[in-house]
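Labels for the chains are A, B and C, by order of writing; each one numbers its residues from 1.
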Amino acid sequence: MANSENVKTSSAGSWKNLLRNQCFIPIAALLLLAVFNLIVDPTFFRITFGYNSAGNPVLSGAIIDIINNGSELAILAIGMTLVTAASGGQDISVGAAIAIAGSVILRVLCGGNARPETLEAPIIVAFLVACVVAMLFGAFNGVLVAYFKIQPMIATLILYTAGRSIAAWINNNELPVISDPKFAYFGGFIPGIPIPTPFFIAVACMIVVGLALKFTNLRLYTQSVGINQSSARLNGLNPELIKVMTFVILGLCVAVAGLIKVSRVSSINYSVIAKDIEMDAILAVALGGNALSGGKFSMAASIIGAFVIQCLTTTLYKYGVPATALPAYKAVVVILLVIVSAPTVREYFSTLVKKMKLKGEVA
Amino acid sequence: MEDNIVLKMRNIHKIFPGVRALQGVDFTLRKGEIHALMGENGAGKSTLIKVLTGVYGKEEGDIFLDGTEGPVAIHSPQDAQNMGISTVYQEITLCPNLTVAENMFIGRTKGTVQNWKKMNADTDRILQSLEVPARAAQQLGTCSLAVQQMIAIARAVDMECKVLILDEPTSSLDEQEVEKLFKLMRDLRAKGVGIIFVTHFLEQVYEVCDRITVMRDGKLVGEYEIENLPRVQLVSKMLGKEVDDLSDIKGEVKTFDAGKDAVPVLEAEGLVSNAGIKPFDFHINKGEVNGFTGLLGSGRSECVRAIFGADRVTGGKVKMKGKDVKIAKPLDAMKNGIAYLPEDRKVDGIVGDLSVRDNIILAQQVLKGFFKPFSKAEANKVADEYIKLLNIKTASKDTPIKSLSGGNQQKVIVARWLFTHPEYLILDEPTRGIDVGTKVDIQKLVLKLASEGMSVTFISSELDEMIRTCSRLIVMRDRKAVGELTGDELNQSTIMNTIAGGDK
Amino acid sequence: MAKTDKNTTPAGNSLGAKLMGMTDTNLLLTITVIVFFLMYIGAVVFLRGGFLKPQTFFLILNSNAALIILACGMSLVMITGGIDISVGGVTALVSMCCAVYLDYKDGNVFGAIMIALAIGLAFGVIQGLMVAYLDIQPFIVTLAGMFFAKGMTTVVNSSPFNVANEAFVALKTTRINVPGLGSVNKKGIYVPAYVEIGVLVAIVIVIVMFVLLRWTKMGRNFYAVGGNKQSALMLGINVKRTKFLSHLICGLLAGIGGFVYFLHVGSGSPSNAAGAEMDAIASSIIGGTMLTGGVGNVVGTFFGVLSLSTIQNIVSSIGFDEAWWTGITKAAMLCLFLLVQSVVMSVRKKRISAS
């Protein structure tokens, strides 16, 4: 008797663990989308091999689109997760900061000439300059948040408002075009490799952050600061510095995403580049089941969340939803997801299930 | 319902996920009595009160109120207020951004339009009659905590209630203010109000209460007339066993011999911080237990915070084992072998959502450095070791610390600092708001650590606890050290006199 | 504790003491109003030109009437401790729906107003329910609301067009002259100063909201909930209903603001009111509302909107007229106010803890 009860509770326990795992919701959403596509149009999963206009072997198909276009989002989600964890707020300036980083890259590469014949500087130099600039802007946000105690969303509203203007100002409102095909590698394909480069860059970022989480105290420190700043301080941590650090890391992510973005088109459009990407990045964090009020986080869940969003976008495109109407559909999905994962709703259903079980037992 | 009964709770059940918080509890409150609700932490006092005030729903049971036929339904604090139940909670439940007057009247006025002039005038009148030093138009956040608590009490009292619940209202009040509160309680009793009084201070219970209800582990132990329940019996009922632990500990006390071979561990000279204390000198020897005492707000916490670098140190010299050191921030202190268990466990101590394991290793991990994390196996080993050593009651080491009871949370924090193997351990109110059993455990631990050569500073609001554990007491008054007591001077009356400044 | 005599407490001995005695809300409001007047008077004295004409001021009002209404709603939600970033999207949706209704469906103006109110109310109710009763973070809920509204705008009609409905155009071009503040133009003809109908609506809403927040029971509940949710609950306030109401009113104001916006621009376009939510948040902050909740005032918000617009006028009139200066100026203004608020509040805190 007692034994059977034990078995029951343990199996229920493992179910519960699965349900409680942070990755459950984003993975379930991903599966749901996959099943939907499988039923409605299995060609979604077809991957074809061909040659692009430059004569390079490339893979194409919806799945490739997702891992390709989701790369920037996944990279941003990494930084956004850390910022959310440590400061309990979100950075809404990442889109504008990508515009700045992209603009800096182009400015360094072109040296003020809008249509350069050759590059004025090596790409790596341009990228490093962009990294430094983006990290400085990250530090600016971080200092406002950590030392001036301004809520992150509001502090980053400053850069959100000014960012695209600053980006335009850097290049004197010109739209430089890079003709060197090498520059397009980062957002497209490297000759001979059929998988899009952004995916490799995103994987590299994930590996770096994975190693950082494993071999440093990044997780413990950011979580402690996010959960209880005062206590973290009395345990010898410097909460302000750690918050600034997360914003600087996000700045680095922004620079990487900026490189991919400008490389994709070999140019820039200040008002369109990475538009609304901050909202997607925050959604990725939320979809990953991370509390937007900070504290504990799951990096994997955030990254999967980013790909869920991209998967949704690609699916909608595939069914002919125009780009401008996309947000409406996204909104519906987001609302469904947050309602399902809302604690009050979950509680309600669990009590409902309990009651039904009780009735079943009585019967 | 009998004539003189104002409130009756019958067979109350309340279940939280995984815990049966209340199991068939009965409670009866009569008109014009002060009724103490006693029990250890986790006994269910707060839960019972929150059920009564509509903060929590209940699974089973009925509540009867004087003047209403049949059981009443209380779904929200608003319902409770409307039925004449007003409450003052331990943590201040007022809004710091509103003015004092707004806090006094919000949530209980009729009509849609507010008459601020009348409200401000009424508030000033009430505050004056209670001698609370605050103005009606002042923003609440600019008042001291004690004043805020008095305003909360004034609000509750002004509500013409039948039942007044005071849930540990005295923890932020000084002695004069407690006296004021007691006078108020007696006045209300004379007017026929039933008062439920929850407190951890036994003296206060015996000073004002008429009747005691004791709870333990979510169950009712019994209801007693105060005359029929001596202190020792009350404690034993709360603990559920005959305690001789409390008398035991006295036997273990070894007064520290400050002889010639005393080695100073820490010496501070003219230390002062930005928290508003006067410069003070301080030293502690190897294996010594000393304490800071004084009323709340006398600066005793601020002193130890200055030693640990928790507040910004603005002047003074510190020597560790004879060598000059600079302690500007907590990390400096930790590197010099100082550990500090802060006064406010919830705000400064625990990292709520992190596991018990992470909470234990946190401080040592920070000392070790950003690039040298403990492996999972090491961390688990350490956690197991300290959970066993301090007898921490937790479901597992992965349990978030916030789901532990207060006493066990405190033990985890103690474990955290013991794991840093400090030479000098500061315990600021380690026993506040925790159950008697854990209190005794912690006192014993302090004496054991000292006998092993650790220096300990122990701060507590309860004098007898200090007398039992410390061999030297520094007395604080008005943010200044006013005396140092050792040996025979360590008795209640001498300490009280020094605190009160009776020597002048 | 020393018993201070009530009559000799800080009450106005020095300016510092006076500032200390103020509530946070009033202190921040004072700063905003002073800064606005200094800025405007400075512009009149040093820049002269257009700033000498009262009509410049009324033009600022005319073009910002909608933003004032949106920002009032935003301030209310922020005071209650939430945020609503759907207001810009709702404005775009309202203007598009009204435009389509008026021109393609031959609707009348009254019907258009009803549509505007209904859309605003619908967003307010649904978002309010989700935030208050399902306990979902307002940021996420209203973010979805913004996405939905912006997406639906293009679903309703994807290309921009001007509305030609006669009654509407008549209403749009109605000018209400302000007596005594006109100016004489180069040809010597007296040009009266005027405001549009939207400005009247905005002013009425500011007054109504001010009265609501200052003198009604419900108004103070918003502050209480924003100040400390848990305490508000214990004080006997229905926290969920209060939160719900704040979102409902904000949604309704977004509907009204949307119509006023539509009345000003006279066209339906998916790019209408782009970034309005952020302008509304920025105006609220400059007006002394804190995102942490419990502090703020719609009069401040009113001046916040005006300040934001005035500074842009000033910057462009001193020669920085490239397009990017708008964004940079706004950001600089916001940054300045945030820093001032942050410093003022921390100084206050220190003084309080020291005393």
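We take it that a residue touches a chain if its C-beta (ideal position, glycine included) is under 8 Å from a C-beta of that chain, and two chains touch if they have at least 3 such contacts.
These figures come from a predicted structure and were not determined experimentally.
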Considering only mean CA positions as chain centres, point out the chain farthest from chain C. B
Which pair wins on C-beta contacts, A-C or A-B? A-C
Chain A to chain B: how many Å between their CA centres? 44
Roughly how far is chain A from chain C, going centre to centre by Cα mean, in whole Å? 31
Across the complex, what residues on chain B touch chain C? 53, 55, 76-78, 80-82, 87, 89, 92-99, 102-103, 106-109, 111-114, 116, 124, 128, 131, 133, 135, 137-139, 141-142, 144, 146-147, 174, 176-177, 275-276
So, in the complex, the side of chain C touching chain A is made of residues 83, 130, 133-137, 139-141, 143-148, 150-152, 154-155, 158, 270, 278, 281-282, 285, 291-292, 322-328, 330-332, 334-335, 338-339, 342-343, 346
Mind pulling up the chain B residues that touch chain A in the complex? 308, 310, 329-331, 334, 340, 342, 347-354, 358, 362-363, 365-367, 369-373, 416
Touching chain C in the complex, chain A uses residues 90, 144, 148-151, 153-155, 157-166, 168-169, 173, 279, 282-283, 286, 292-293, 322, 324-332, 334-335, 338-339, 342-345
Can you check the complex and tell me which residues of chain C touch chain B? 1-4, 6, 9, 20-25, 215-218, 220-221, 223-224, 226-228, 230-238, 293-295, 352-354
